[in-house]
Amino acid sequence: MPSDDKTLSKQSLHTSAKEQFIDITPQVEKAVREMGLTNGLVVVYAPHTTAAIAINENHDPTVAHDILVTLDHAAPLDRGFQHLEGNSIAHAKSALVGCSQTVIVQDGQLVMGTWQGIFFCEFDGPRHRTFYVKGLTTA
Amino acid sequence: MPSDDKTLSKQSLHTSAKEQFIDITPQVEKAVREMGLTNGLVVVYAPHTTAAIAINENHDPTVAHDILVTLDHAAPLDRGFQHLEGNSIAHAKSALVGCSQTVIVQDGQLVMGTWQGIFFCEFDGPRHRTFYVKGLTTA
Amino acid sequence: MPSDDKTLSKQSLHTSAKEQFIDITPQVEKAVREMGLTNGLVVVYAPHTTAAIAINENHDPTVAHDILVTLDHAAPLDRGFQHLEGNSIAHAKSALVGCSQTVIVQDGQLVMGTWQGIFFCEFDGPRHRTFYVKGLTTA
């Protein structure tokens, strides 16, 4: 990426389990500061087909655990799959949660709820992963 | 929020049931008019971890009912949850549906399908809730 | 739509099955080129209540098949539905996957992962369908 585009930041992380929610709110906040973004939006985007970006409670870690348990019910193990890599469930969970989230920025701060955090959702780890933070300025 | 930022509108509503889809299309349209937004995007964002924003049919109220019935199947009651507040299902539904939606605006109008409306989705009510409407201008 | 708004493109397609994932990445790339969009975002939006837009693997077509199989589990047939048109499942799948996706654009290219493609997801076909591509410029 050209070094002179301050509106796009590429971040990386390592996941350590098959399935894992990692709170990336601090990295997104840091990227917003470094962009000098005051008022606008940020898009957080995972360029992966077996991972996702979610927004939910990041104060009590049992919430992420329980969301993963629920996704296991919604997308259970092999139900006549054709894809031979054995990770169809991870693709389905990625499609259900979605690979990006959009957050409003005002006065340099993410406009989120008290209990909300931004998670990188690993569904087929452990792996080296990346995500993008893209900023848009409004006023 | 500073009164001089016309691109961000904070709205509030009361939900009256444990689970409920409330059509907020009129509030979003009003916010777009008040911003003077002609061409661009609006992001509708719920700052909550047990609620969501969805776009689907708002003409026949049975559609929202049936989506809630389906979500009850996808995210059923206690399956070995750890979160002690008893509302893990509401968190999971919030993560599955997502806390924001993005809608295109042209000539001051939301560019949506004939049958589409924007819903505030309550999964752990009744509560006092808020949502944001953020406008971005393009051309 | 006014012919002088180059930031909004309306596309159409025909679906040929009840449920189908159609790779629309080439159409989105073409729309970005025609807009002359260099750095920014594109929003891909389906104005339908029984269809969706998803991002996932487009190299191995069995992945889309397996995602559809998983959605059939998450949203199974009639569970006490009220909507009389018989397509409640399609509405629920549309709400779960979502009617839009946002993709970053840099140097005129979509910033996506190697295996990612953009899909139009049909859940109640075959039908004539449309989708919008909306571009926003940043730097």
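A, B and C label the chains in the order they appear, each numbered from 1.
FYI, a residue touches a chain if its C-beta (ideal position, glycine included) is under 8 Å from a C-beta of that chain, and two chains touch if they have at least 3 such contacts.
What you see is a predicted model, and the numbers here were worked out from it, not measured in a lab.
S.K.: Note the rotational component of the Cα superposition from chain A to chain B, reported as an angle of 0 to 180 degrees in steps of 5.
M.R.: 120
S.K.: Looking only at residue numbers at the chain A/chain C interface, is the share used by both copies over half or under half? Answer same or different.
M.R.: different
S.K.: Averaging over Cα atoms per chain, report the distance between chain A and chain C in Å.
M.R.: Each chain reduced to its C-alpha mean, chain A and chain C end up 20 Å apart.
S.K.: Mind pulling the chain A residues that touch 2 or more other chains?
M.R.: Only 74, 96, 98, 102, 136 qualify.
S.K.: Which part of chain C faces chain A closely enough to touch in the complex?
M.R.: Chain C reaches chain A through residues 39-41, 54-57, 60, 62-63, 65-67, 69-74, 96-98, 101-104, 106-107, 111-116, 136, 138-139.
S.K.: What residues on chain A touch chain C, complex-wise?
M.R.: Contact set of chain A toward chain C: 1-2, 5-8, 43, 45-49, 74-76, 79-85, 88-89, 91-92, 94-96, 98-100, 102, 132, 134-137.
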